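The data blocks that follow each hold one structure.
There are two complexes below, and they share subunit A, which is joined by subunit B in the first and by subunit C in the second.
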Partner chain A sequence: MKKQEMEAQAAIKQHMGLKASARISNTVIYVILVLMSIIWLIPFICIVLQSFRTESTWSVGYILPKQWGFQNYVDLWNSNFKRWYLNTFIIALIVAAIQTIIVLCMSYTLSRFRFKLRKSLMKFMLILGMFPGMLTMIILYRVLKDLGLTESHAVPGLVLVYVASSGMGYYVSKGFFDTIPKSLDEAARVDGATRAQVLYKIILPLAKPIVIYTILTAFMAPWGDFVFAKYVSFEDPVGMNVAVGLWKWLTPDMINQRYTMFCAGGVIVAVPVAVLFMCLQKYYVEGVTGGAVKG
Partner chain B sequence: MKRYTDMEYLRLSKGRKLLYKIAAFFCAIPRALKNGALGIVRAIVNFFKSIGLEFADIFNTFVNGDWKTKLSYLFMGFGNIARGQILRGLLFLLFEGVFIFYMIFAGAKWLSMLPSLGKVGPHEVYNAVLDTHTTEYGDNSFKILLYGVLTLFFIVAFLYTWRVNVRQNKIAEQILKSGKPLKSGKDDLRALVDDNFHKTLLALPMTGILIFTVMPIVFMILVAFTNYSGSNDGYFNALFTWVGLENFNTVLSWNGSGGVYSATFGEVLTWTLIWAFFATFTNYFLGMFVAMMINKKGICLKKVWRTILVLTIAIPQFISLLYVSKMFDKNGIVNGLLMDLGLISQNIDFWGSTAHDALLPRVMVIIINIWIGIPYLMLIATGILLNIPADLYESAKIDGASGWKQFSKITLPYMLFITGPYLLTSFTGNMNNFNVIYLLTGGNPINNAASSAAGSVGYTDLLITWLFKITTTTGTKYYMASVIGILVFIVVAIISLVVYNVLPSIKNEEDFQ
Partner chain C sequence: MASVKLTKVKKIYDNKVVAVHDFDLDIKDKEFVVFVGPSGCGKSTTLRMIAGLEEISEGTVEIDGVVVNDLQPKDRNIAMVFQNYALYPHMTVYDNIAFSLRLQKMPEDLIYEKVTKAAEILGITEYLMRKPRALSGGQRQRVAIGRAMVRESKVFLMDEPLSNLDAKLRNQMRAEIILLRQKLNTTFIYVTHDQTEAMTLADRIVIMKDGFIMQVGTPAECFDMPANLFVAEFIGAPKMNIIKCELLREGDKYYVNPFGTKIEVTGEKGRELASRNVRAGKILLGVRPEHITLTQQGGIPTRLEVNEMMGSELHLHVYTEDETRLIVRVPTIGLTNEQRKSMVYGSALNITFEGKVMHFFDPETEKNLLLD
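And then the complex of A and B:
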């Protein structure tokens, strides 16, 4: 009896010990997480605070503004920024629409149909993807220039460049289509549906998460694209997108007049995009994890 | 290397096991290379074999076919029309007409100029009316190369269509012989949304890829064999022409004037590989670690932590990267803070300005890349970690496995197995990670020793940013950019080939269906 009691007490003690060690490790984790959150948030907090700083326009070594005001946003409204913002917004909308259609066509086909050249097509695109995309820019720029789609008319040119090769990014949504059971298609085919009807009536309603993911990523990409936009717009004040425009404000000869305006511009660009992203975060996570797992 | 059987392997000590595994990995590389090379050779042999078969088939179809088939060899689609498939026949005929028309009025000219890339450059002409010399422009090498390539594409397309036309005649004959009716134009149209739906769906994306990716890549590969640059732009300044392998010689040879390039290339490539390695693996392990912390039982506010981290994905990279790069400026916020806290007495030059502090900027870009990259990895790892069967951990706990053991024996192998392909793509993606480098440092500090005739190179420049600089700064040696692009492709291809053949998790995609 006594022996059993002692054993029980030992077990309880061990249990308490485990609990205590779990509490310690949890505390450590909380500390790390809080520190990480601070590191992750600081730049964004700083950029918001700096955008309200009105005592000077250059980069300074302190965080809290000495004079608060909306002057930077007013200046922003009176600058070319409006134009860049509109450019980027138009590009993003059109790209989101067309790219989604192209990617879905591509991924659905490669996931569902078994035609002769399918494997070679996929290998071919894998190899194509190994070439640095920037290489194609030199010729695309010359061709677009001949068509008159560069500099101040860069918007349609950029849309063309973004959309045209978007078929290469089919991997994530193909992975998703692969998980929809094929028996669904077959059942519908037996009932007399054509392949097109199978796509519209059965697959698309099921594929809502991946459609949203594709629209979201397609919409967000033009906001951050820098290389092609810089190349095609040739830093023309009318044809630039926000990324190139704001980048230019931070070049050495402009930074002293435009630094706080850059911060304000950054806030104006980031807030809508980030809000949209946060609202649709669920779909993004699904897409990203699915894509990585299935390769 | 001596190979152990399973029993012998299990008896090894821990360190020896690890060594054995590492040795096995490296021993597998030559084999993987050999397999890859063999695969390429086999593919080439098969290609020629199948071309031989095609020719035999074309010949046999001609000999055995009726007069309709024979006439189709000259007039595409004749057989289709004669057998009642009007729509198909007309399309074939139209294509042939367009092709012949194009070749006579434009294609032939471009093709004939392709070997020389133009003969008459811009030249001065005496203008008697104005009594001055004016420049008259001659051929346009760029257009000749571009349209020459397009014409070649067109010819290939024509040959393919012609082959399809021949095959259709053969099939039609067979069908008629067996007494069945041929497909009508209506059937063909219906098939576009049914049996041939894949062709309909692929038409638009593939056209885009062909025109905006394949064609430019072919063009740029050809540029590597010319002297196309800002001064030899092919029209306004001077024509450009074929130079053979000279450019590759300049980049890759170690002696002579080319030595500068090869040293630069070697240096940039080394840093690119180092960067890709650290950028990939620091993110991978730290991201996994963060995901495990957030997912641990007993941690509250999981959603809050995740949302805070995900903010770096939500906000366009150019804003966060540009801003962070300014934060670490010599007069930036970080220096200001450290100064106020009394931790430093002199501003730290995080981005370096001379060759001698090149290490700090390199470390900084890797660290800031962690800041950018952890959230992605956290999302991915979270998804995978939740999928690991919980009973694995339960039984491990019952057996008394420590937390570290559980991680190294269950979590890590599981993650590595599933994310193997992802690791590879993120490695090659990091090799070409333009945004992080260009927006943070712009490639600086400048590496004077390595900078060459192709423009200045910095210590943090990757091959891709170097390529960008070559195409945008003075001199614009497009041919050099093209050579470097091809070399990047070769490096990426070799890495992918080796890793794919060594990876344990080359999965059968059909498994998921």
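And then the complex of A and C:
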């Protein structure tokens, strides 16, 4: 009996020991994660704080404002920022809509249809996608210039640039579509649906996470783009997007008057994307990982 | 309700693999035909070609006298039940069943009437507002059948609909399909790899192997007079015992000599051999396990290796002196407790069979000697 009791006590002690070591390792992990989060958040916090600073408009050597207010946001409202913001929003919205349609149709086609050179086409696009987009910058500029879609007419030009290679971004959504059983398509076709009806009545409702992921990524690329936007708009205040506009405020001749407004602009730019991500993060994660493992 | 006619239908895949060879079949109106065969024999491919889900490489498929080769599945007036149910997961049971009717732009009140009637027949009324994930396998299969039912199609196609169910549920659903068939009174084409399903459901069975039709016939025809060795072994469980021996002829009488014995071929089989004037020589002799009996005296001496207790019968795996393995089906009802207890590993058993229950196959062509 005594031996049994001792064994039981030893087992309990061992269990407690394991519990304690698990607690310690968890604590260490959490401390590291919290530290990383703080380091990661510092620039964002600084920008938010600077956007509320009203005692001066230039860059200062401290973080906490001495005078707080919304003046920078009011100034922002009365500046060209409104136009840039609208330009960016229009571009991002149109690109998100067109790119989503193209990507989903492309992915569905490559997932479901079997045609000659299908695999070669996929490989070709994979290789093509490995080249940086920047390589095409000069020729794209020439083409857009000839079409009159640069400088003050940069908005449609940029839409064209972003949408042009949409079809090549099919990998993630094709992977997701591949996990949806083909027999659902076949059942719907036997039930009387056309291919298009199969896509929008059966496949797309089942692929909600990937649709949202596609919309988000399609929206994000033009929303934050700087290089192409700067090149195509050629710093014309009418055709600029918000990234180029804000960058202009950081040039040496403007930074002293516009630094805090730049920070306020940064906050305004980040808000819709942050809200969008927070609301849709569940779908976003499902979308990214959806094609990875067959469910 | 319609007839289905397949003429020289062939399926060749892009990699030049021929899945179905010159498939000829005439399915009558309201007939229940079952395609049966092992995996990869082309039965599902043939069904999918009829459904329009697979392109037909050569030949023609006619439904109700109309060649449908180039018609889309939706234009063929067929309904299909899939092996994995293929229910639309984002829709309720009601919406699943109503889907095809809505595509036809049928008025909602008529859809309601049809869906509720089908649900009532299938006993799924209480699940109409549930999503498929909240249903059991059997309930899901009922929904899939309901979805096909409401279309009131000319031909009802079923691709291994019971394969995903457990044994008990499979038996239950099999009986329900028989009842459904009586209610719907339409043409059924059913695919399965399970010979029991084929035997119990079919008016006619089409037995396939490697893309070729091995035999077309009623379940009784296929069981009693298998066209070749493959059919003989495929139909019936446990499978038919095949014994290498010789067919001997003495005047009008025929004998076989398995394992050094001499058994006269009697009854219909003996007369048939004589009328066909079958030559004596080496043959493959087929005897079904249920036609072998245990005997106390004489017979073929064997050694018992495995005794499978199946409830109402025993499946005895015995080995002859030349190490040929045979299976014997023995009803338990005729056995005493002592006899049962004596049937253990290594025990000696004498077996015999009658001449009227034998099947004779050509060792080279493997064809039944009593069929053309």
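What we mean here is this: the second predicted complex is superposed on the first by the 284 of 295 C-alpha atoms of A that agree within 3 Å, B and C clash if a C-alpha of one lies under 4 Å from a C-alpha of the other, contacts with A are read in each partner's own complex, and residues count from 1 in each chain.
Simple rule for what comes next: a residue touches a chain if its C-beta (ideal position, glycine included) is under 8 Å from a C-beta of that chain, and two chains touch if they have at least 3 such contacts.
The structure displayed is predicted, hence computed values, not measured ones.
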item: Superposition-derived comparison: subunit B or subunit C, residues of subunit A touched; value: B
item: Contacts of A:Thr194 with subunit B and subunit C, given as first, second, both or neither; value: both
item: Which superposed partner A:Ile29 touches (first subunit B, second subunit C, both, neither); value: first
item: First, second, both or neither for A:Pro181, with subunit B first and subunit C second; value: both
item: Contacts of A:Ser56 with subunit B and subunit C, given as first, second, both or neither; value: neither
item: Touching partner for A:Gln67 - first (subunit B), second (subunit C), both, neither; value: neither
item: First (subunit B), second (subunit C), both or neither touched by A:Gln257; value: neither
item: Contacts of A:Pro205 with subunit B and subunit C, given as first, second, both or neither; value: second
item: Contact residues common to both interfaces of subunit A (with subunit B and with subunit C); value: 181, 194
item: Contacting residues of subunit B [partner subunit A, same complex]; value: 142, 146, 190, 193-195, 197-198, 200-202, 204-206, 208-209, 211-214, 216-217, 219-220, 223, 290, 293-294, 296, 298-299, 305, 307-320, 322-324, 326-327, 329, 331-333, 335-337, 339-340, 371, 376, 379-380, 382-384, 387, 418-419, 421-422, 425, 428, 432, 434-435, 438-439, 463-464, 467-468, 471-472, 478, 481-482, 485, 488-489, 492-493, 496, 507, 509, 512-513
item: Complex interface listing, subunit C residues touching subunit A; value: 14, 51-53, 72-74, 78-80, 82-84, 86-90, 99-100, 103-104, 147, 151
item: Touch list for subunit A against partner subunit C, complex; value: 114, 181, 183-184, 186-194, 197, 201-202, 205-206
item: Of subunit A, residues touching subunit B in the complex; value: 22, 26, 29-30, 32-33, 36-37, 39-41, 43-44, 46-47, 59-63, 101-103, 105-106, 108-109, 113, 115, 125, 127-128, 130-140, 142-143, 160-161, 163-168, 175, 178-179, 181-182, 194-196, 199, 220, 223-224, 226-227, 231, 243, 246-247, 250, 255, 259, 262-263, 266, 269-270, 273-274, 277-278, 281, 284-285, 288-290, 292-295
